[in-house]
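Read through the structures below before going on.
What follows is a pair of complexes built around chain A, which joins chain B in one and chain C in the other.
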Partner chain A sequence: MTTRTRRRGTGQRVPVALLVPAALGLLFLVLPLGGLLLRTPWTALGPRLTAPGVLTALRLSVQCATLATLLCLALGVPLAWLLARVEFPGRRWVRALVTVPLVLPPVVGGVALLLVFGRRGPVGGWLDATFGVTLPFTTTGVVLAEAFVAMPFLIIAVEGALRGVDHRYEEAAATLGAGRWTTFTRVTLPLVAPGVAAGAVLCWARALGEFGATITFAGNYPGRTQTMPLAVYLALETDVEAAVVLSLVLLTVSVLILAGLRDRWITGP
Partner chain B sequence: MTAPLLDGHLVVDRAGFRLDVRLHVAAGEVVALLGPNGAGKTTALRALAGLQPLDAGRLRLDSVVLDQPDARRFVRPERRPVGVVFQDYLLFPHLNARDNVAFGPRRQGLPRRAARERATAWLDRVGLAAQAGRRPRQLSGGQAQRVALARALAVHPALLLLDEPLAALDARTRLDTRAELHRHLADHAGAAVLVTHDPLDALALADRLVIVEDGRVVQEGDAATVTTRPRTDYVARLVGLNLHRGRADGRHVHLGDGFAVPTAHQLDGDAFVVFAPTAVTLHPHRPDGDAPHTWPATVAGVHRHGDHLRVQLTGAVSTVADVTPAAAAGLRLLPGQQVWASVAAGDTRAYPVGP
Partner chain C sequence: MTHPATDPHRAAHPVATGPTTDPHRGGGAGGRRVRTVVGLLTAVSLVLAGCGVDSTRPADDGDLTGPVTVFAAASLTEPFTTLGRRYEAEHPGSTVTFNFAGSSALATQITQGAPADVFASAAPRNMATVTDAGHAAGTPTVFARNQLVIAVPQGNPQRLAGLADLTRPGLKVALCAAQVPCGAAATTALDRAGVRVTPVTLEQDVKGTLAKVKLGEVDAALVYRTDARSADREIDGIEFPESAQAVNDYPIVVLADAPHPTAARAFVELVHSAAGRTVLTDAGFQPPAGP
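Up next, the complex of A and B:
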């Protein structure tokens, strides 16, 4: 940190009152991850990684998080547009409602999903009777649970980006003959693309780590609903070393993807 | 005379403000809406483009009614044959110059290739063929202005709207761009409405001026009429004349308080009288035997104006006077100083208040 400020040659001195808590904060965030590395059985890593359940859980995690992100994009971007661009009564309340999953304990979210989309729930019962579709305790259920928890991250990021874009670009598009939909796809969306990307990354990261809503709504069936966080939790009860390896895999995948998108993610509006 | 291409009575109500402007523009004519900031010019322009619905009145373009609240008729902006050059251009930052210009033709249903060809042709016309691949942020202010003009013209609008088209440019670029804009406006077959607060832009670009103050038209006419016969203080200031209103009886216009300005022409009734600041003569003392044509005034301020000194005078007749440095030397012009002002009959112009 100090070498960096020196190299930049700004001559700025960082006040100790800020430097100390900043260093402590960094330590607090990094130390547990370091502990994970310390406890990793490096010699047995090869066989551990290729153990049958690991790759299955990893694949399922990535697939479900990606599908959940796509679902959030399909529903969340239009919702963010509505919140940012259309005046309607109760807009403040809708905006507050959208962020509820952020503060709700995920387990409660899972219970709520179960009550509505469960076989006896109003929507779940109808789906079951009409199409024979069951959502809880299926892979679709995992996607649903993850989307429920992760969507607010996307909506907040995209709405912020939309508010940051001068709406007069949309007026200019209208004077050039573009209808509302064309304006949205040709002008608005490209202008907020960095915000959408940032929101999607946040959303994906949140979905990848989702635990509470998933285990409540989708259960813990290996190969079907057992994602990495669930596998870690389960392994912890029987084989701590396996839990550590699984955690390391999850950590590596997350860091690689987030680092790849870091610039956009951090400089997003 | 044929019916005007644009025939509008624009009424827009805002909190504490009402725009009520009648506007007629013939094909090929360029009309400037000129007025101080906040006069409602931009609101009028937005109403013409359909970005601001009318609250009353009617707007007709090329015999099609675009907006008429009492008939529940409103044509959305994307369906109007209108092109707009916005004050800060609003070029789409994610598209290069050519795709910005091609945006309109594409929306009109032209295939991508044809739209690009048309865009390239327009960029060529505004002299920017070489910059076609550049993004807006890589263009200079003058270039961006020309791309915005090409973008608005590429849809072949029946009505071209320009909102302060030169305001964002520096003085030097402004001169070149104004000349070029004049050329393109002359080529434009449809009607054009230009909004500006700069009289120079209005005089250089427009065939006719419509002066808007407080949401109303206070004067309209060609450049010569407006500049020689201003009817409001704002217009008088724009064209650099002293304007007073009074009552004419033959060869004098009485301004109240017993003072009068002599005129060379016979005129009776309510009248305006104008004279240039250079026509005003200042005297340190009251001249003898010329009482009604000389009025007392107090110097409010003095500053350089070209090779003259411009003197702001307050009192019964507020006036601006330009005096030579030599004349100023004999007057000891300091703020608060009492002087006497007069103007010769041959230097004034009086005209009736009524139309």
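Up next, the complex of A and C:
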């Protein structure tokens, strides 16, 4: 899965039965983007972009998505390894539970986070009483909400990569006296690096666009918890043009970053 | 923010004006500008309502037994559901279908061609989106008003008595964002009271603001009286005098492209009737201001 094979000029004809739905699929995904571009007020773009708050929201979005991705890497890669490499009772259930945030409406995820990490929740209440720390309505809260929603993307990608790795490399390392930790860091991790990178990119992109869990758990306050998707939603309430411009900014930044990363590290997962 | 508040061009297009170009400042000036526009629209709609003749649509099939589709602001959910049932009882064979959502989302759906018969908005500004785009048959009429209360957890543990108490250090307050009607009203009320509140969050709609109080994450929030009443098992609503200066008008109109205009008009009449008014007042709404 990590090979960069190119079948150029093999002369194979693409079956129409695949080509037509593929083209329709592409159109379906790209057409709404075209709609955004059509509605973009190009002449008023400059003042719109330099309006105070746009950069603040963008910076906050990028920072939070990056921190959330780091958190997901720190916790998600070990969890993916556990799921892929260790036989334990109930593993199937753990795997199902890990993907729950994928199907849970993010708003519900946000409420669930509030019920646990809110100031009346068991963890949040303890944090507040012991350290005087509250998570809702803080930037940390944004990072937590994004990590909650985005982590499954990373776990699924990394677990898939781990399952695709030839076990014999790890076994060879073990026979040469490497412990499980050394094998993991020196053999396994380098082997699945492309999978981890792909997962991290997916995770980052999901975190960047996160809306429901963020506004529910962290609220919306400019400079502290108002990320781009929140700014877009609120702009939409009154001014579609502003919302379109903000969306375009978010889109441009994410496409640039994702395209850059894809070429550099990722080779078709 | 270089736009002068008095720019006549901007004032003429209320939908795209005000603090809307910049979602990051819920400041007082923006709120005042919105209020001016809202006030202007209300005045205009009241004057036009005084003329009161709907001549834009000729008589149609006269069918009252068909379906009616009503797009209504989320805050109207309970009273309009009741009125819908009443309409169906009065006109056997008819069905009333509701689409409850934020007024701005509904306005967008209507201007994009959603097949609705009636639009009831929580603020004149969103109604203006629809009328400006030529989607209304006739002039919107105000059928109810709503005003703010301070929502606190039941029993009012922080012993809050008025707006000034919201500035207490360490007190967590949630407001609606200035872009949505309840946020504009909150800004106006706080301005009038001369109170500067630093909220922990500016929520996307009044239900989100209310939820933060219900969940105990904030100590107080400014929400509509009707919302506070709908959640009176979990929260208390504290009235405050300045709310009288930030009253929201609810306009209703039959839409130009209504598939069932006769039934639509009959539903609007029911909303305006004494029976309709009773249902709305029971939910916490106030009757519209006199002519």
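Everything below uses one rule, namely that the second predicted complex is superposed on the first by the 242 of 269 C-alpha atoms of A that agree within 3 Å, B and C clash if a C-alpha of one lies under 4 Å from a C-alpha of the other, contacts with A are read in each partner's own complex, and residues count from 1 in each chain.
Everything that follows uses one rule, which is that a residue touches a chain if its C-beta (ideal position, glycine included) is under 8 Å from a C-beta of that chain, and two chains touch if they have at least 3 such contacts.
What you see is a predicted model; the values in this text were computed from it and never measured.
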Touching A:Gly219, do we find chain B (first), chain C (second), both, or neither? second
Tell me the contact category for A:Glu241 with respect to chain B and chain C: first, second, both or neither. second
One more residue to check, A:Thr182. First (chain B), second (chain C), both or neither? first
Go through the superposed model and pick first if A:Ala51 touches only chain B, second if only chain C, both, or neither. second
In this superposition, which partner touches a larger number of chain A residues, chain B or chain C? C
Using the superposition on chain A described above, determine whether A:Ala174 touches chain B (first), chain C (second), both, or neither. first
When the two structures are overlaid on chain A, which partner does A:Ala231 contact: first (chain B), second (chain C), both, or neither? second
Regarding the shared-chain residue A:Leu82, is it in contact with chain B (first), chain C (second), both, or neither? neither
Chain A contact footprint on chain C (complex, rising order): 1, 15-16, 18-25, 102, 104, 108, 125, 172, 174, 177, 179-180, 199-204, 208, 211-212, 215-217
Please give the residue numbers of chain B that touch chain A in the complex, ascending. 49-51, 76-80, 82-84, 86, 90, 92-94, 103-104, 107-108, 151-152, 155
Parts of chain A lying in touch with chain B, wherever the complex brings them together: 166, 168-169, 171-179, 182, 186-187, 190-191, 193
In the complex, chain A residues that touch chain C: 48, 51-54, 56-57, 111, 114-115, 118-120, 136-137, 215-216, 218-223, 225-226, 230-231, 233-242
